[in-house]
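Below, subunit A partners subunit B and then partners subunit C, in two separate complexes.
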Partner chain A sequence: MQDPTSRSDSDQGRVEVKETTCYMCACRCGIRVTLRDGEIRHIEGNPDHPLNKGAICAKGSSGIMKQYSPARLTKPLLRKQGAERGSSEFEEISWEHAFELIEGRLSKIRAEDPKKFALFTGRDQMQALTGMFAKQFGTPNYSAHGGFCSVNMAAGMIYTIGGSFWEFGGPDLDRAKLFIMIGTAEDHHSNPLKIALADFKRRGGRFISINPIRTGYSAIADEWVPIKPGTDGALIMAITHELIKQGLYDRDFLIKYTNSAELVVDDPSRDDHGLFRRFEMHIEEGCFDPENKLWWDIDLDREISTHTPGVDPRLMGEFKLEDGTPVKPAFQLLKDRVEEYTPEWAAHITGIPADTIRRLAHEMGVVARDQKIELPIQWTDTWGNDHDSVIGNPVAFHAMRGLAAHSNGFQSIRALSILMTLLGTIDRPGGFRHKAPFPRPIPPCPKPPNGPEAVQPNTPLDGMPLGWPSKPDDLFVDEDGEAVRLDKAFSWEYPLSVHGLMHNVITNAWRGDPYKIDTLLLFMANMAWNSSMNTENVRKMLTDKDESGEYKIPFLIVADAFQSETVAFADLVLPDTTYLERHDAMSMLDRPISEFDGPVDSVRIPVVPPRGDCKPFQEVLIELGSRLGLPAFVKEDGSRKFRDYPDFIVNYETSPGSGIGFLAGWRGKGGEKFLKGDPNPRQWEMYKENGCFYHYELPKSYQYMRNWNRGYLEWARAHSMIRYAEPITIHLYSEVLQRFRLAAQGKWPGRIPP
Partner chain B sequence: MDTQTYPLNALTQRPMAMYHSWDSQNAWLRQIHTHNYLFVNPRTAEANGFGDGDWIWIESPINKVRCMARFSEAVEPGTVWTWNAIGKAAGSWGLSPKANESQKGFLLNHVISEELPPCEAGEHMSNSDPVTGQAAWFDVRVRIYPAEAGEPEVTSPQFKPQKRVPGQDPKRGKWQAFVAGAFRKKAKIQE
Partner chain C sequence: MTQLALVIDLNVCVGCHACVTSCKEWNTSGWAGPLTDQRPYDADPTGVFFNRVQTYEAGVFPNTETYHFPKSCLHCEDPPCVPVCPTGASYKREDNGVVLVDYDKCIGCKYCSWACPYGAREFDEQQKVMKKCTLCIDRITDMSLPESERKPACVLACPTRARIYGDIHDPDSEVSVAIREQGGYPLQPEWGTKPSNHYLPRRKTRIQIHEDELVRVDNPLKKEALPTLPEAGETLDDVAW
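Right, the complex of A and B next:
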């Protein structure tokens, strides 16, 4: 080793510093890589980057050792003829040979039955591209790892408040006074959360950690509340019970911004039981929650249209509409529901003493009520009312897989979202704040296809492989009510499986339930080890054969940069590059790195050339898309449309002339436009000159209350983040779930379960 | 679920120094973790008859795993837990088949089923949230007990060591004491 104090790198060779984005975890910090003579010397955090502000963690700085890892795959490999699958006996082949093999196999599948090709990906950061490839191919059998990761966090929150933790929103620790973290270890976010927590503690904020285990961030918590796993929902319901009992909820917030005061039909004998009472109104067809609902006016003591100026509605009580229909405000239903969930009841389930639960509830409620923040920021709501300031109740929460990875996770997370709502903390200072492209309508507009006819030979899938059902009729099932997808997502069994069920793909394909497939392509997903449940048996399924001696899963392609356990089971191995060897786009069409104050996207730009014959997986998809003639990847005459992935990123538009593409920065012919504009041939260079990220700061008046902020919603619609500028009323009560319950009872006018 | 026979919850977490399975190949990060323990509250360990560092079995209704236990006060007594994906299959990730990752490291996934036992809802229901299909990793229940005297001091299950593939570095090399540029020059590699 050389002594850095006596000999400098630049005495010995050409030193360069290149900027790109880390991928040693999913957090995506900006990094600076120092090279000497073209080889990596060390990696530091980029101080100008909005996400990590120069911070780097142990993983990030160890990226160099990943680059030179002995586990690197460097050649396309084909299982040797005669060798058993799983024996790791391979021969090197050329990329041309590999592409010919895949093209031959996939073009036949696509012409016969596209769903026999399944594409599932692990912790990749290109889901907009992989999802688009699957759709273009025509297979519904696509998802990333979300189903076995934290889909409940996304679904539970998005179906309630129109946004969720991590990329799409988070705790505003800059202004919070009380911070409660539930079921999170060292988790998303990583560096940004560490920075924010350090500042929060320095300013005297109080940090409570609720978790069966005290590790990670909990190490610096002021109070650790140990809880039995899977009982978070009970704790949250009991806290809600206390808040309602003590009147420690933000009544004004609930009335204006949530469906708490809206009247729900309350008569179990009726077919519309549990649905909002809606009046006749001309409504433009669209995926938003129309404002044709009712409040109960305190003064007039009768029903009145919601948001009628000057009206103060009831949150509690039971009433009869003029036509005799019995109704209750949604808030009353919540109150009824939590009536029995006392702290004593929850103490028994959670292992947390009832007094502690009462104290936690009281502390949350009192901090929210008595330590209000008022920022002198003017804004206008969707009903046309001007506000002189933005109010905040400084209680912030963060939660992740600890709540999510349970069979009751969706409901627990909905309960948490409701608690955050009762405290009046949604998109307000010191509470939870959204990040673009969220908030989105509840649920967001894209839907999965709703029948088997969406899958046709040589045709793109009619719909997105993944979407957001809002009613039973959006399920992806056939006439008999059976699942169309291999993983049975969007079926009656798992209706809101918005990220798919990757953890059941191998078992279902092996069993041939609901059907057999031909080719399974796994991208950086270690399904023969830590990404599967029941791993020992899943490994057997991968090598199991039918009576005729054929593998039950006939062809397995594995794309990865490293010799993972799964590689041993591949028939064909495609060597991917590392993150330091490729272009990548962390896109607004996907999961960007936005800040509370506005959209941010970022890129990776290679700092070293690929090792051996490695090829970025994106290039594999663009090549295959072109060879297979998938419409998005070829011109009208069938010839190739994009030279390579960088060319695709620059020139792809969501629809011809839309001006919306993968990257939001430096659009327009000369890079003069942002968010929307013509493709810019120099876009990559401009990202490179700007530290590989683009940050758009919204005007202050658009930074808060975005669910109901007219200026923000119109801006977001103009930039294609949402399709409607209608208010995104918080679903304290979920009518979406009630539609499925009614279907189960045979009362839904549309689809009902078999 | 028979919570008398399987009284404990078992969880996994991701450590700060590694991201899922990605980093066992990383010479620097391997200095932090090359294997994992099952963390157990001392009260729970005492009740089950084993000590700090002992070899134990974790058993669920579908499978069992042998591993080492480590005492920790930072976990509520009804829960045991471990770092996820530090344990590796022998020979994978460019590691020697004798590396700690496979001999002392373990994967909890073997005891977590991807499907529920047959029930009135069906024979092959996913072990998931019935609303969203979210994998219910953290619903698993286990019991723990000491390994017999004389049992081998390696984790179980073990798999036939995975062979290196063509194109992979034949062995771990000098790169562990890596100095940028030096090898290129020595090997007379031109830009």
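Right, the complex of A and C next:
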């Protein structure tokens, strides 16, 4: 053999190095792909990328296996005449033929009843486009896979603190001293968490892992606390009980930044029981918490407007307002609620000894209280008070599907958010920190439509297919209280299913409950294998026929890069490209890859040409949108507006002249603006020159306390990330949930369940 | 003499296998490739890996530990695989101490794998030659690469930076300092092979909370104590004379 030191790998063939973004999991690390004679030689992490800083995981390095997999689809396929679904008997057809088939079918559906077209996607990283396509088509039947994945994590936290783990926020391990990880294995997110965790351990931070099994990250935990699956909520309630009992909560934080001291009507006989007592004032209609609520002043021993300067309110007690209304501070309701949830009670449920639960509570409470961090960063709160420093209580948490993917997930995660709040750790150093575009109002402004009239022939959907209900009247139901969406999201059954319920789609379509559909388009979603928790029956439903011998789900289109199990059941198969063969935008309109210090978004730029006749699904949507004449994709005269997907990404604006598009970086005619600005024809090139990502670092004074940071909120409003620069008060007590409870009790003045 | 080696920090290794696949990907198309796979897309796939992560559980529930243990050729200072080779295919480089196999000389007799006490050698069933970790010899000696990238693929990939690479004979190198200061140890030193690769042990951080730290004078519960007025009734003012 030749001496290895006398040769260079780069001399073997024609070598090129290109940068793009990984898609072997959902983390979206920056990668460098080396090509030899046009084929992929190897993939490594991009050392300049803010997310992975050069690291690459086992999946990322294995991207080459996906690229050259023998299971790749390379041609559009049509189920053979007479062949049964599931038999995988297809004929290859041209894209033109495929588009004609889809166009014919969908234009008819759109003219008659757009909701008979359903578009559901898997771990889709362009939901801003797929969701927009559905809205433009006019169907409410759209979502990605979140409904059976992390929706409880997003909803439970966003409905409590205005942000959530992973894409929208995370543990600040750079400054934390105690880190508690619950129900997380090796993902969500992967490389950034591994990098931070290793540095945290090296600095001597204490890492506790609460998990039924000791795998992955848990292996290096200083302490592993084994817990029975699905009982995390009980543990968290017991810890909360102990923290309150010992007085180990951050009183100052709770009073200023949460609704803990706000007075709640406490009289079960009244219709406003459990709602905040509000006084009358002029309120601009918006999706923020108006400051028209009351505290109980310790000194005056009477009610007083919240945030009255110099007032110290009570967190505990029960009081009578001047008009005789019995009230309690929200914190007292929490205290009442957890009274019975003692460590002994939780020990029985979780399998964790009561003494361990108490010790965990004490560690959290004492570290948060006694090891405070003070950063010399000036900032101003939304009430106009100047602060000379940012305070941090250095206890950080991270949790994922171990909590989220249970039927009690929403409440477990709300309990975790409350625990993090009690310790005073929200958007503070060493605790939980937000990532742009979060924090957002609680709940965020976008709402689903609230009635069937939002679905009209040949008309875009009046509202967003997915949104954030804040009251029963925001539910997407008809006069009889029946769901308008096929998956029954935002119905009385699933009121806060903010990511939709993809796992219901095939079953409901098959049953015709709430109605039958015509065409189901699945993108990168293997419902006949692992995405439905019901693989065998999904296959039966996809092949089941009605009395007339027609399939109960009449037409199934599957877009995928691989011959998945579901592909076998498709009537029409659209071969997608791999992530290395296409343009993509990880958009601020969807789930960007922001860091704690500011917004980050990224793109993919092809490093190799598509294999065979593969076409990126993005291009398929642009083509279909143009052919179907969906308003966002055509000019006024009905002609095609965008040449292709890259052209769409550059030139699309949320409304004409809004300056808001898919990519935040290098906007403005010459790329001189960010977040908001005119389309820039050279935007893709500028991303390419910058490693395929855009990172805007906020001034230090805007990096913390963002729920109540005037400078940050006004900056965010100026850059159109939020609509109101109003404080985002943490919902220790959720009045939103109480509104639904009152509706169930028949006490809500608006919609009540059937 | 230079002795290049890896120091692997078991305190932070989470067993993610990034080192395994990045190694395989780099080396299969490199000087020491291919790392042949058999039945890669079928049942029971198997193949050549230069680096594997073995995972062990130790202890009795609930006092258990999970160890992720990455293992590759340890580039011994006195490698037993070298003298047993009948053709001279198995050799140790004099310039940097890396142990290599020359496939052109290898006859696939497997003596070296029997001699290696660590099970670090991998036989390529297709090419019928012995293969093993080269410490990415075609990266670390490639002067056309920037210095920051003249490292084994596994080291560059590792998300927890659990793999440190350098010269263990240089007392000031990062690897030597880590071994010295963090209790780095070789595997099975009793075999006398003087493995160059070292491992850093697990370290635990604990917090001790004394009872008197639990309640402080500024305990917020005190704020909530309602003012208590003395009960009406007799006082000394009423009865003393």
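The rule is short, and it goes like this: the second predicted complex is superposed on the first by the 742 of 754 C-alpha atoms of A that agree within 3 Å, B and C clash if a C-alpha of one lies under 4 Å from a C-alpha of the other, contacts with A are read in each partner's own complex, and residues count from 1 in each chain.
Following the convention adopted for this analysis, contacts are C-beta pairs under 8 Å (C-beta built on N, C-alpha and C of every residue); 3 or more make two chains touch, one makes a residue touch a chain.
Since we're looking at a predicted model, the values are computed, not measured.
Within the superposed three-chain model, A:Arg214 lies in touch with subunit B and with subunit C [touch as defined at top]. In the superposition on chain A, contact is made by A:Pro70 with both subunit B and subunit C. Contact with neither subunit B nor subunit C is seen for A:Glu291 once the two complexes are overlaid on the shared chain.
Once the two complexes are laid over each other on the shared chain, residue contacts for A:Leu496 go to subunit B alone; subunit C is not touched. Looking at the shared chain after the overlay, A:Gly45 reaches subunit C, while subunit B stays out of its contact range.
After overlaying the two complexes on the shared chain, residue contacts for A:Pro226 are found with subunit B and with subunit C alike. Judged by the touch definition given at the top, the superposed model places A:Ile56 against subunit C, while subunit B stays out of reach.
Of the two partner chains placed by the overlay, only subunit C lies in contact with A:Ser10; subunit B stays clear of it. Between subunit B and subunit C, it is B that contacts the larger number of residues in subunit A.
Legend: residue contacts after superposition of the two complexes on their common chain; A:Tyr249 is shown touching subunit C, with no touch to subunit B.
On subunit A, the patch touched by subunit B and the patch touched by subunit C overlap at residues 1-2, 9, 36, 41, 57-59, 62, 64-65, 69-71, 186, 214-216, 226. Chain contact summary for the complex, subunit B toward subunit A: residues 9, 11, 13-23, 25-29, 32, 39, 62-63, 74-76, 78-79, 81, 84-85, 88-89, 92-95, 107, 109-110, 112-115, 121-122, 124-139, 157, 159, 162-169, 171-173, 175, 177-181, 184-185, 191. Contact residues of subunit C toward subunit A in the complex are 11-18, 20-22, 24-26, 29-32, 40-41, 57, 61-62, 64-68, 95, 100, 102-104, 134, 137-139, 141-145, 148, 153, 156-162, 202-207, 209, 213-216, 219-224, 226.
Put simply, subunit A touches subunit B in their complex at residues 1-2, 9, 12-13, 24-26, 35-41, 57-59, 62, 64-66, 68-75, 77, 87-92, 123, 147-152, 155-156, 185-187, 212-216, 226-230, 351, 401-402, 404-411, 487-489, 493-501, 503-504, 507, 511, 513, 526, 528-536, 538-539, 562-565, 567-568, 573, 575, 612-613, 737. Within the complex, the subunit A residues that touch subunit C are 1-2, 4-5, 7-11, 36, 41-45, 47, 52, 54-62, 64-65, 69-71, 178, 186, 190-191, 194-195, 197-198, 201-202, 204-207, 214-220, 222-224, 226, 246-249, 251, 298, 312, 314-317, 359, 362-363, 366-367, 369-370.
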